[in-house]
């Protein structure tokens, strides 16, 4: 180790990087997940109940955050919307993370797969989710599945690249050589040695991509390609608020701020975890 | 030339400040070479970083490092910048990471020359060529346009030395300059460092874990262990008549081939320590 | 003369490099022959890029030679079926240079040390396995309780002991040590060398010791081969080669080694 590496190692360890990010991100994310789960058992009002007479009321006039153009309770829609957005995002990221990680570790393990898999990833990467959602929407009709598949497929190459790079570094370690000396095959080494050592990086990537997915889902709903009405989603709330932007700005502000807070929270959590799990920090001796 | 007085360096840690250098005093005269020897974690690298003012921000220091009477620890960053390079040159362990992979050897040497002195492009290149010749790079006229990855480890380290020399410093600090190199290349690099001290009258601080390297290239030796100065004196005295038990242990840990050739007395002393 | 445990004959390894459209052939190992007696330590010494690590990888059957044979206890490693080679692997294990990179940070020491037991069909399980690991750890001078801890809790020298315990758990006949002490502080290096010598004396272990350090060769080896540019330029007992080198390259190597025979800069120049 060079002297400079030693120094940065020391200051890394001592500054405890990402603690604030981890704390703030963790709290924001926990609140988000808590609210989403709470919405299943309790919301102030039924988010689908329309009370035309009560339409376009301001915050605290009717309910905590007012009502929309159909007189639905915005706070309740926002809560149920959190659940809908999160489940779509989790499912999409789950799809991308599982398939992408599998592809990534396979590519790292076998040079033969590598070239093929990476070209497939390049092709997938050329399909932005909005575009594939429009195509899938034409085939399957708009809905949760369309949104999940469209976002998830786009995530596969993202995860494949991250895990491939991380796994290749692990494959260069001597303990892999020792495992080969112990007669272990590629699949077994991947399972026992490679995956546990890249898990941290995959988890970090999951939080970052969750934020991306929430944003993309909002975009798809905005375009009418996400969950069908009347299920509330943040994206559609934003879309519907457009018409009443001047009369009732709270209709745009509420879902807008919710999306921003969710993305910020998940990004901070990802950054915090990344700093926490940085192998340079752990290996500083 | 350089005098370190009662230097302590500490980093804030979970269990209070951790001292990595503890009350070390040492001096280097003009044209003199000082060896600092110790095992990993002895604080020898921290000492050298403090000397060029490159300690990380969280470090807490006390004592003083006087370069011609000026305390380096009290200097502002701008003053330190002109000090580094112009007064003190640094040679690193791994020349591959210390060199810019996107610039040729000649460009990197000339960059330093032109940064600190007003000379023309062609003049700087001529100077770079002279320096490459000085560090005995084979075929310098061709090597001046080579990129780091096109060179061997030994050649890269020569370029590293040429860069350090470009600003005509008075003091060179070499931190494990040959640890990453083969023994035959190590010998060539150490020969060059010897020559620079003898011919240019430079002062040299050579940091190494290898007593053999310290023995052949330095006038005085400082032995460090866990941040403390264990022993300091003329290299020959320290190795032949070590006064500290730790020094005797270090000598005893050397392979017997490396120990051979010491006086009988020292061999006896070292042997007695086993 | 007893039959050698390890017999390498005329071993060659070529690599094909493709750079900037042109293919280049590199002969990393070039016609190397050597024989290692059971219970002896044979050192291969050379500078970086001389092919000594490639040689180690081939002897460990982690890489295949382009030509020549490697016989271990009479069996040609590269003529064996994959299944027979897997069975044979219990007879040869390896210790690596970097004690930080050679242990999986996420596995307990016990799991790391037990890993090569995968090679045995009749590997002990449960309590028997634990006591086998405990004995292996004690054999290299570590407490049995170390099995429950993790690599980062140990110093470089202790980690290298763990790596040696792992290499010895299947009771191999041959251990290849690739720069096994190069990354360690001198005092630790001396301890590990003493451990290797004592393991040889206690278990009759045969060691192929790959190193760049002549001082280490002198401390540990019985015979030594000097390698340069893929070739073994000089082979003999340690005393023959180090005290009466025949080849110029060996002499250059010996002369470059820093020793305490030269003290002080001025003194030597005067």
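Just a few scattered comments:
We just call them A, B and C in the order they show up, numbering each chain from 1.
Quick note on the criterion: contacts are C-beta pairs under 8 Å (C-beta built on N, C-alpha and C of every residue); 3 or more make two chains touch, one makes a residue touch a chain.
Note that this is a predicted model, so its numbers are computed, not measured.
Among all pairs of chains, B-C has the largest number of C-beta pairs in contact.
For chain C, the chain with the farthest CA centroid is A. Rounded to whole angstrom, the centroid-to-centroid distance between chain A and chain B, based on C-alpha atoms, equals 49 Å.
For the pair chain B and chain C, the distance between C-alpha centroids works out to 32 Å.
Within the complex formed with chain B, the chain C residues making contact are 47-48, 156, 185-187, 189-190, 212-216, 218-219, 242, 252-253, 255-269.
The touching residues of chain A, counted against chain C in their complex, run 173-175, 177-184, 192-193, 196-197, 282-283. Against chain A, in their complex, chain C makes its touches with residues 60, 62, 86, 89, 93-94, 96-98, 100-107, 112, 115-119, 152, 163, 166. Residue ranges on chain B touching chain C, taken from their complex, read 33, 39-40, 153, 182-184, 186-187, 190, 194, 197-198, 209-213, 215-219, 234-236, 239-240, 249-251, 253-262.
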